[in-house]
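In the two complexes below, chain A is the common chain; its partner is chain B in one and chain C in the other.
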Partner chain A sequence: MSYDRAITVFSPDGHLFQVEYAQEAVKKGSTAVGVRGKKIVVLGVEKKSIAKLQDDRTVRKICALDDNVFLAFAGLTADARVVVNRARVECQSHRLTVEDPVTVEYITRFISSIKQRYTQSNGRRPFGISSLIVGFDFDGTPHLYQTEPSGTYHAWKANAIGRSAKTVREFLEKHYKEEDMESDTEVIKLAIRALLEVVQSGGKNIELAIMKQDESMKILDQEEIKKYVTAIENEKEEAEKKKKT
Partner chain B sequence: MATFFGEVLSVYSRAVEEDDDELDDENEEDEQIRREIEEKREVYIEWYPDVTQSVSSGNCTLQCSDLIIAVGPNASGFLSAYVLNTESWDAVGHVSLWNEKSRCTSRQPPLPGEPACRFYRHRDNPSVLMCQSTCYVAEDQLFQWADKVFGSLLNRGLNVMVLSDSPVAEYKTPDNLYGSAVPFLRSLKSSAFKDQALCPALEQPNILTGLPAAVLSHCQVHRIPAVLYQCYTDVIGPDTVTMETYKPALTSLSKLVKLEPCPSADALRRFAKVSEAQSNLYT
Partner chain C sequence: MALFDVSGYKSHLELRGKTLGTGLRHFNFGTTNQEFAVPAGMDPSGFLKSCSHEGQGGVSIDLNHGTTTLAFKFRHGVIVAVDSRASAGSYIASKEANKVIEINPYLLGTMSGSAADCQYWERLLAKECRLYKLRNKKRISVSAASKLLSNMMLGYRGMGLSMGSMIIGWDNKGPGLYYVDDNGTRLSGQMFSTGCGNSYAYGVIDSGYREDMTVEEAYELGRRGITHATHRDAYSGGVVNLYHMQEDGWIKVCKEDVSELIHRYRKGMF
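Right, the complex of A and B next:
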């Protein structure tokens, strides 16, 4: 085991092992999925089981950064808290400086720059989180970005992070249809269907947050999620009946 | 001596023997302390009365054709879930020893769930012995353990299989091992073992340490056919996926004793550590 596994310096073959290990830490967090529609952005997360005496309002995977941006993370809880706090401060600082809310891309770039700095600093380890950042710019364009421990960020139409991200992403690639994204309901259903692929015991382990154009973030309650889940199950049954005939 | 930071160190040469008189100055008290420590760290094999009765010879040696040793929580859990779940196994003995990490000194059988070294014998095929070792055996006690355990067995025709857990962080390889391959099995065998092992051999420069190494070394020296299956896993503690990695060993085990069909997921979960619902490290 050489020194380049303990701190973030290059290995002889060009790897940054600490960054790659940080990506493994992300896979230990539960799944989060994000879908960008035409007039709505949706983030769905798998709720992790919490202790009986724990207040579940304090175990949040979806955090609002400002009125027009929110994110979901996967990975080390404490690292996420630090990053989210810094992002929130930056959002307000931006508002006070330029009198406009941040664009989604701006705050994503800000978060990514922090993460990248920790991959180049002496003695510090990278942040062990990936995040999905969604929101609307002030001109009404919706965005979905994904950031990684390495400090890279990319825009996506739909993506997943965390434990079973690969399975969910493959599902999204198979079932994402551009024309469906016009309908808010279809966007929400796509996110829920993707999560149902990997979540144990169905709808009660899903938490969903949506933001429609010119509205603030809304976290759906259990009844609403159940309605969508029932609709999805009905559609599945009908599709199977059709297949048989 | 040259150092990185420029300070001067005076170093003693090992070519010149320092005074050995110190050892002769050892007085009775020192000797007594040394003896007490040795006694304290002695390894005892406790065979239960029904076993010692059934053996006719003076010193207890058991007829044994196959010895299966499980070292570590996952290996032991695998044996408990897949092999010991039938009612045809009798507890026949345990090892009592003391070291800083293990205080299984009781001459009484250990309670279930406690870390210990237990021996089981199959009722229908009494020459098949199983050993589950979940307690820590210190380096200075390893030789004694292997010596005494094998000393209690008639070595003729003995075959040994060892299952052992190891953290994957100790696995040295030039390739990246990200997620997909873990947990996995590697094997090592003594020269007398002529069959094919059920998984790839352990590659250099990886080594075995601890009790599995002591057992395999003993088997090599005494020309006993032995095969060891080391499972590299990234989970601390007993875990169902890791236990299932030992399944290839079932093919050899099923030739020795009748095994129940695969245990249900619930049965497996009993042996695995309760998952960290309370762990807030990752969200």
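Right, the complex of A and C next:
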């Protein structure tokens, strides 16, 4: 008997196959990278090349949940829309009842609970998205969390999801330096460098959103990204020259 | 229908077969699901109207708010003073009723109105505050705690609850003082007094209040307020329970009998 039909059924060796298949769907989605600095948080996503006639601005993979939290996802865009909608309502509901903005951990826990509920009810499939949630709590601490289709969540200093996530994560592990995280520019450059590893044709296919402490989220436009990319390429050339001499 | 989801409208079919909705009450702090279900077809507010003076039949349920409680903020925190008489009509049920609920070391709630309502709903509030702390790993703020209580009251508005309460605490926004009552009113302020002796208490604390009082002066003002109210109001009496909310939590200052205090304050009278 195949154990991947109804998700409420465990397989004999303890797997929930539908959840694992959902994670496969995530691995097919475009890459997203998140880095947490001391005073800045950065999310970058790979922008898939769009058709000529398609309007560029309608494809947004980075969504603001509230003034102090935003998220990027990898996987099924339509599923993400549902989750983001519910999270936005919950952020406002929290503000109404508690008279304070949500903490990043709270809204991550909320999103994870929704995802977990869908792995334990009949007739519904899990959400096919992993998300990176970044932001600042109202006491100023930055956070980066990652959620998965199974409903688990973890805090990270830097992480990647989606296609080639493993490569990007290894790059981040190699190049993440605690001291660099003090400088906002270094954090942004680390995120861009990590994305450049897997994105075709350079800076054109990168979308980057940053949030500095006590400021609102800003999506960088193409010129700014190009500036960082050229700076990164210059640094690479210098490093190559030094190696040769 | 436009905005169907946002409006919160639930058709009766949805309410019957809810399987996915019931688990996550804690994100709504228990405000969407009522604590007590009201049977379909009942109209508590209509029934109550017929029981008061305006209704026919000569039956009258009069809920007396027999108490005096007061609280005020000053430079060194918040002073809370309450009396301790529990009355059932003209019968004094207890002279040492406890009208302050210690929700946690940083939150206090006072009670006036129907003793049963106050005790029940404030203990429920204490439960929600504790759950909040366990889930979010930090103490609940005073504004959130008072909002929870007022939302609970709003759920049963018009159905005969009787509660006038003050929520006092110290959180990362500083000292907090909120007045919450059974109509769902929720007010933040510098000074409140509730119960049928409140006018006497207001007279005393209004005339003696200064923001830069010393701690001892503030204690004395709180004691005086309650003592003079119990002297004139038949439904207040017993002892004065005095609390001081400081930055690192509340302390219980004293518990003194008003019949002795009144002699101290009205020297020429007796």
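As a convention for this text, the second predicted complex is superposed on the first by the 239 of 245 C-alpha atoms of A that agree within 3 Å, B and C clash if a C-alpha of one lies under 4 Å from a C-alpha of the other, contacts with A are read in each partner's own complex, and residues count from 1 in each chain.
Simple rule for what comes next: a contact is a pair of C-beta atoms (placed from the backbone, for glycine too) under 8 Å apart; a residue touches a chain by one contact, two chains touch by 3 or more.
These figures come from a predicted structure and were not determined experimentally.
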Touching partner for A:74 - first (chain B), second (chain C), both, neither: first
Superposition-derived comparison: chain B or chain C, residues of chain A touched: B
Contacts of A:156 with chain B and chain C, given as first, second, both or neither: neither
Partner chain in contact with A:90 - chain B first, chain C second, else both or neither: second
Touching partner for A:171 - first (chain B), second (chain C), both, neither: neither
Which superposed partner A:100 touches (first chain B, second chain C, both, neither): second
Touching partner for A:29 - first (chain B), second (chain C), both, neither: first
Common interface positions of chain A, toward chain B and toward chain C: none
Touch list for chain B against partner chain A, complex: 172, 176, 178-179, 277-278, 280-283
Interface residues, chain A side, partner chain B - complex: 1, 15, 20, 24-25, 27-30, 48-51, 54, 59, 61, 73-78, 80
For the chain C and chain A complex, residues of the former touching the latter: 6, 19-20, 23-24, 27-29, 31, 136, 140-141, 143-144, 147-148, 151, 172
In the complex with chain C, residue positions of chain A that touch it: 89-90, 93-94, 97-100, 103, 105-106, 110, 113, 117, 121, 124, 139
